[in-house]
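Each of the next two complexes has subunit A plus one more chain, namely subunit B in the first and subunit C in the second.
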Partner chain A sequence: MHIRHVRNELLGALQTVVGVVERRQTLPILSNVFLEARDAELVVRATDLEIEMEVSTPVQNLKPGKVTAPARKLYDILRGLSEGAEVSFEIAEEGRMLVRSGKSRFTLATLGAEEFPSLAGIQADTQVTLTHKALRSLIERVSFAMAQQDVRYYLNGMLLHIGPQWVRAVATDGHRLAMSELALETGVKEDLQIILPRKAVLELARLLDGGDAEVTLSIGGGQIQVQLLNLRITSKLIDGRFPDYERVIPDSQDRRVLGQREKVRAALSRAAILSNEKFRGVRLQLEPDLLRIQTQNPEREEAEEEVEVELDGEPMEIGFNVTYLLDALDAMKTENFVLELRGPDASGLLFEAGESTHSKYVVMPMRL
Partner chain B sequence: MSPNPPRKIIHLDMDAYYASVEQRDDPALRGRPVVVAWRGARSVVCAASYEARRYGVRSAMPAVRAERLCPEAVFVPPDFVRYRAVSRAVREILARHSELIEPLSLDEAYVDVSTNKLGLATATEVAQAMRAAIREELQLTASAGVAPNKFLAKIASDWRKPDGLFVIRPEQVERFLEPLPVARIPGVGKVMEQRLKELGISTVGELRQWPAAALLERFGRYGQRLHELARGIDEHPVQPDRPTQSISAEDTFATDVTLAETEDSLRRLAEKVWAASRRETRVARTVVLKLKTAQFQVLTRSQTGSTPPASCEALTATALALRERIEDHGQRYRLVGVGLSNFREPEELPQPGLF
Partner chain C sequence: MLGSVKMTTIKQLPEVLINQIKAGEVVERPAAVVKELVENALDAGARRVVVELEQGGLRRILVRDDGRGIPREELPLALARHATSKIASLDDLERVASLGFRGEALASILAVSRLSLSSRTAVEPHGWRLGGEGGLASAEPVPAAQAQGTAVEVLDLFFSTPARRKFMKSPGTEARHVETALRRLALARPDVAFALSHDGRRLLDVEPAEDAAANERRLAAVCGAEFLANAIYREAELGGLRLAGWIALPSFSRAQPDLQFLTVNGRGVRDRLLGAALRRAYADALHSTRHPAFVLALTLDPAAVDVNVHPQKTEVRFREAARVHDFLFGLVHRWLRELRPEPEHHHGVGFGSAAEPAREPQPYALPLSTAPRLGEPPGRYFAAPAASAPTWAGLAEVSRAAVPAPPGATSPVEHPLGYAVAQLHGIFILAQNARGLIVVDMHAAHERVLYERYKRELAEGGVPSQALLAPVLVNLPEDEAEAAETQSATLLAAGLQVDRSGPGQLLVRATPALLPSEAVVDLLRQVLGRSSDSGSHAHLGEVLDAQHRVLAEMACKAAIKANRVMSLSEMNALLRDMEQTELAGQCNHGRPTWVQVELAELDRLFLRGR
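And now, the complex of A and B:
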């Protein structure tokens, strides 16, 4: 293998896939990146056995061939070279790749390309097409609620529930839940539920642009594959049963608070400073035209905020984890929001006021 | 009898610990009666050297009384930073033989040496090695008890104090316990001793005559424990780094107060204890109120609720309710304390789940 190209393009390709490479590897080859020069392209691929990312970039192909080289080191080298510099990768001898640019030379240890694991070869049973914008919106509105390293492994990801004319993204850590729904022109005949692992969700969120270009999700054999121009992401799906989310989204509540999102968000984040660091509790007192927000920490420091709101229903008091409220308000886009409540022991429902995107945020109360 | 091979437990107790550290570090104090106590009319003795004990000075007695008993005593304020450092050094010595160390306080610890790191033949040899190292490296003396369980090891360490070693072998347990006064059993205080005496029980041998059911009926769960201890049975393991057992705070008043006057103090203590308890990941199920009368009689009342106190207010309310259970004969009190104990994993988190 011998290729030549400008540093920025090569760096861009490495940058796209290097996030997948885990810092601590059980299998040495997984800290490497797969490189293959074929036709007028260089294919760059990285995997952690759960997710695989492959990007191709046009290069000057002097000699076809393939190899694997240390991902981080190669990335750091490219980053350190000057912008616009011309760089070449060349298999110099057995087990060595030479990286050259101007007066810089680096000899990297390589491992055989045949050993590099691959997830590819997906048998797609289902294909769903969305715009970049739509898929990105779904992820942005719910991904914050995904669990992290929860023993309930099926919560460490995002559910995509695809129906005949809609698609829903759902994430929950067991205490709060976020759901966002969009209309689909062509969905699937029978409802389909898949759970994308956390890492795949975060990579997708990073790589999707907000445009109207289409993106196709191919699903089958416990895997999902997403093709984005010259980039292909393949990920294993989480093999588990997502909780029945529809059951926990309350439908009719007897108290409705209408508030200005930014005002309430700011008041909550100020009050949060003096909440208990561990439990993050905040007390909400609802009065006809007023929301009173109170926090107190173990050092007996206290915060109190008052914000004007419209309350439809009886006054009440309820406790919440302030982080959950802030996350939900942050994920919204509208000027006003609605908080619906039934009682101090029942979950609260938040959503955007007068909006058509159908995102819902369910938050369990906290005993204070 | 226990199906497992007998365990080998050492209870190691430093002799007159704080006073000995003071005497070691200041040659002028050696051979003289030393009392470690804060200055102040109402302070109590933290530790007394053996020279001072000869005059009847004991730990926890008012410093004023100690002064009266032994006017020549040298009073030294406690220096816990130094005592803690020495404790760490002691612990390092113990750890050469076993990692299974359960410190009870700065000056005593249980060590399970059923197997020991250096491969010494007997637990007695291990205890001797520990005591020798403490003497040579730290110039302090310790007493040790060696026995098949914690209960007996603790009694044994006291048997040849100071600077002694006493071993209770499994086959000697019954003979050893037979004549022992019941007051030596942990948990048997003055009240329990009296109740047992009314049943004609004053020695462990006499206690052993009673069937478990009869003790259980009279003393509840503690009756079951008494029945076992009387037979030298104690399965409690040595627990390295044991988690918090209790959190408490006490106030000694500058002048004795009436029961009603304890309220301000009690509220403040409840707040202090509550704040400290919030640093625990577990929750306490038992609230304890402690009062000490002007005559040094200690009264405690406790409540174990089905749900732990959920707030500082709830804790305060419980403490005040417990105070109602003190029979007020118009006596005065010198100390009030509030405590939380019986820590458990929270069965219910403050944040309930969705599913």
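And now, the complex of A and C:
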């Protein structure tokens, strides 16, 4: 293999895939990136056995061939070279890869390209097409609620529930839940539920732009594949049963608070400074036309904020983890929001006020 | 070889073999023989017990007392199995107050050794002996020279059971075991004189303690002067339970649990439940690998204890196990927490020669129960139990709510920890008080101050609890689910809301906000499992303990670190905080936070005043 190309393009390709390479590896080849020169392209592929990303970029192909080289190091080298410099990759003696640019020379150790693992080609049973913007919005509105390294492995990801008329994204960590719905003629006959692993969700969020270009999700055989221009993401799905989210979302509550999202958000984040750093408890006192926010930390420091809101229903007091409230408010876009409550021991429901958007946020209370 | 067991007929075992099997339960080593014989002596009202050993007791054991003695005609019966004068009916067994009651000891020892029994009652002109050279239980007693009381001589222990004999350790080791056993008995009965010699060498010799001072001397002889110098005496009584004895300061911890003497109605026991109660009481102040030291006597109605659990009677069972646990834990926990810095009672650093006991004879003259320590308002320790309502929940509350005295109230004259003079290497605070130099590890001290404050906040403000979106189902044994249901209020107070949803099923609805919720299910299983093992709900407190560990981590992170420059006023403020903080002598990991260096020790360093 011998290719030549400008540094920026090569760096861009590597940057796209290097995120899936785990820093610590027991399987040495997984810290490498797969490189193949074919036709007028360089294919760059990285995997952690759960997710695989493959990007292709046009290059000057002097000699076809394939190899794997240390991903991080190659990425760092490219990053350190000056912009616009011309770089060449070449397989040299003893299976080493020579990286050259101007007066710089790097010889990298390689491993055989044949042994590089690949997620088997996907058998797509279902295909759903939607815009970049719509998919990105679904992810952005719920991904913060995904669990992280929870023993309930099915929570460490995002549920995509695909019905004939809509697609829903749902995430929960057991204490709060986020759900967003997109109206779409999906073409599926029966409801389909899949759980995307956390890493795939985060990579997708990073790579999707906000445009109207279309993106197709191919689902089948316990895998999902997303094709984005010259980039292909393949991920295994989490094999598990996601909790019945529809049962958790309360339908009617007897207290309704209408507030200005930005004002309440700012007041909560100020009050959060003096909440207990471990469990971030905040006390909400609802009075007619007034929301009082109180926090206290172990040093006995206290914060109190008052924000004007409209309360429909009886006054009450309730405690929450302030992070859960802030995450939900941050994910919203509208000027006003609604918080619906039933009592101090029951869940709170947040959603955007006004035009009927389809995102809902359920937050469980904290007894303080 | 299980497969090669021969098929044989069932037959009744010969009497000799039965006795030897039974003896295996009671007398496993010389120390057990001594324990049984000395307990007999004590039950006979002995004022003085003498034990002589040869070759670790394997060659010869002699136990002589000055008790009531056994009449001539009862001597043969005394050696028969299940013959005793201590109980006569089931009713007696249920409220047994003597140490022995099984009527087995002498028969068991007889089965595995050559035993002779000599005794003389007050009304007999001379003593009688049974056994001895070639003598058996069936033989007639012969006249013998014997003072009033009983002497039992055991020769060639385990001569008839060579297998057991092979399990014996060296004579020195066996003698040490005997010594430990006798120390336990001596601690339980301060009114009796004990002497022990091994191959002619004196190992223990204590006189009866007529008064408190003598009692402390005995304690020093049995447990060492260092223990006494680092222990405090406390006693309290509540609702028919009485606890009295010495608890060592947490700074005087041991690598082995070798200084733990607990008696229940005068009987030395090693009880798991009570051991757990004491460990928990010390938990906050000791590193998990260290063991507390204590000499405690628990007294309660004999009918509330079942001692007939184990042939060696080292285990007991309580009618109200949880109540006894809470009593013991609550009291010791409070006693430890009431300690405030008292330089007079703190371990010195000992520059080489400071090892001699710090105590002079004079303080012994004070009646123990009211002996006030320097700087303590009298009566502070003992007022609480009498005044508080006799409820068991109340006991724990008293200890939690123990609010530090306002500044100055502890000592109107001088602050025990003195005044800061300098900071050393950004790690230590140097302060001076009337007795000399105080060195404080500022991180460790601050950590403890913060930790206690965090815990108080948690207790006062209620334990925060995070509700779960969907309850988590936990499958458990039925008795554990039952326990969780009946104790759900206790669990809720610790932030854990559970409902029973089936015979062996619980729904966890809310978890303590301080703990990661997935860890809570494991914790719940653990505490319920342990509670059902010990038959008490006392372990449920561990749900709170787990949260305290999180607070301890927070305190460690928030405490000032090394190389933080402190002004004198900051250092003085920390010293004042320490004086009012519970367990201020140890950081959360059990390391000491401060030491006193006496002026006298400094003088010695410079050869002054010689």
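Please note the rule applied: the second predicted complex is superposed on the first by the 365 of 368 C-alpha atoms of A that agree within 3 Å, B and C clash if a C-alpha of one lies under 4 Å from a C-alpha of the other, contacts with A are read in each partner's own complex, and residues count from 1 in each chain.
In this section, contacts are C-beta pairs under 8 Å (C-beta built on N, C-alpha and C of every residue); 3 or more make two chains touch, one makes a residue touch a chain.
The shown structure was predicted, so the numbers you read here are calculated from the model rather than taken from an experiment.
A.B. asks: Should the superposition on subunit A be reported as showing a clash between subunit B and subunit C, or a fit?
C.D. replies: Aligned through their shared chain, the two binders clash on subunit A.
A.B. asks: Quick one: name whichever of subunit B and subunit C touches more residues of subunit A.
C.D. replies: C
A.B. asks: Does the superposition put A:Gly281 against subunit B (first), subunit C (second), both, or neither?
C.D. replies: both
A.B. asks: By the touch definition at the top of the document, which applies to A:Ala353: first (subunit B), second (subunit C), both, or neither?
C.D. replies: neither
A.B. asks: Touch check for A:Asp150: first (subunit B), second (subunit C), both, or neither?
C.D. replies: second
A.B. asks: In the superposed model, where does subunit C crash into subunit B, at 164-172, 236-244 or 560-568?
C.D. replies: With chain A aligned, subunit C clashes with subunit B through residues 236-244.
A.B. asks: Mind sorting out which residues of subunit A both subunit B and subunit C touch, each in its own complex?
C.D. replies: Dual-contact residues (subunit A): 172, 174-177, 243-244, 248, 276, 278-279, 281, 298, 300, 321, 347, 362, 364-368.
A.B. asks: So in the complex, which bits of subunit C are touching subunit A?
C.D. replies: Interface residues on the subunit C side: 450, 453-454, 457, 461-462, 464-470, 472, 495, 510, 513-514, 517-518, 550-551, 554.
A.B. asks: Given the complex with subunit C, which residues does subunit A contribute to the contact?
C.D. replies: Where subunit A meets subunit C, its residues are 150-152, 172, 174-177, 243-244, 247-248, 276-279, 281, 296, 298, 300, 319, 321, 345, 347, 362, 364-368.
A.B. asks: Quick check on the complex: what are the subunit A residues that touch subunit B?
C.D. replies: 172, 174-177, 243-244, 248, 276, 278-279, 281, 298-300, 321, 347, 362, 364-368
A.B. asks: Please name which positions on subunit B make contact with subunit A in the complex.
C.D. replies: 271, 274-275, 278-279, 310-311, 350-355
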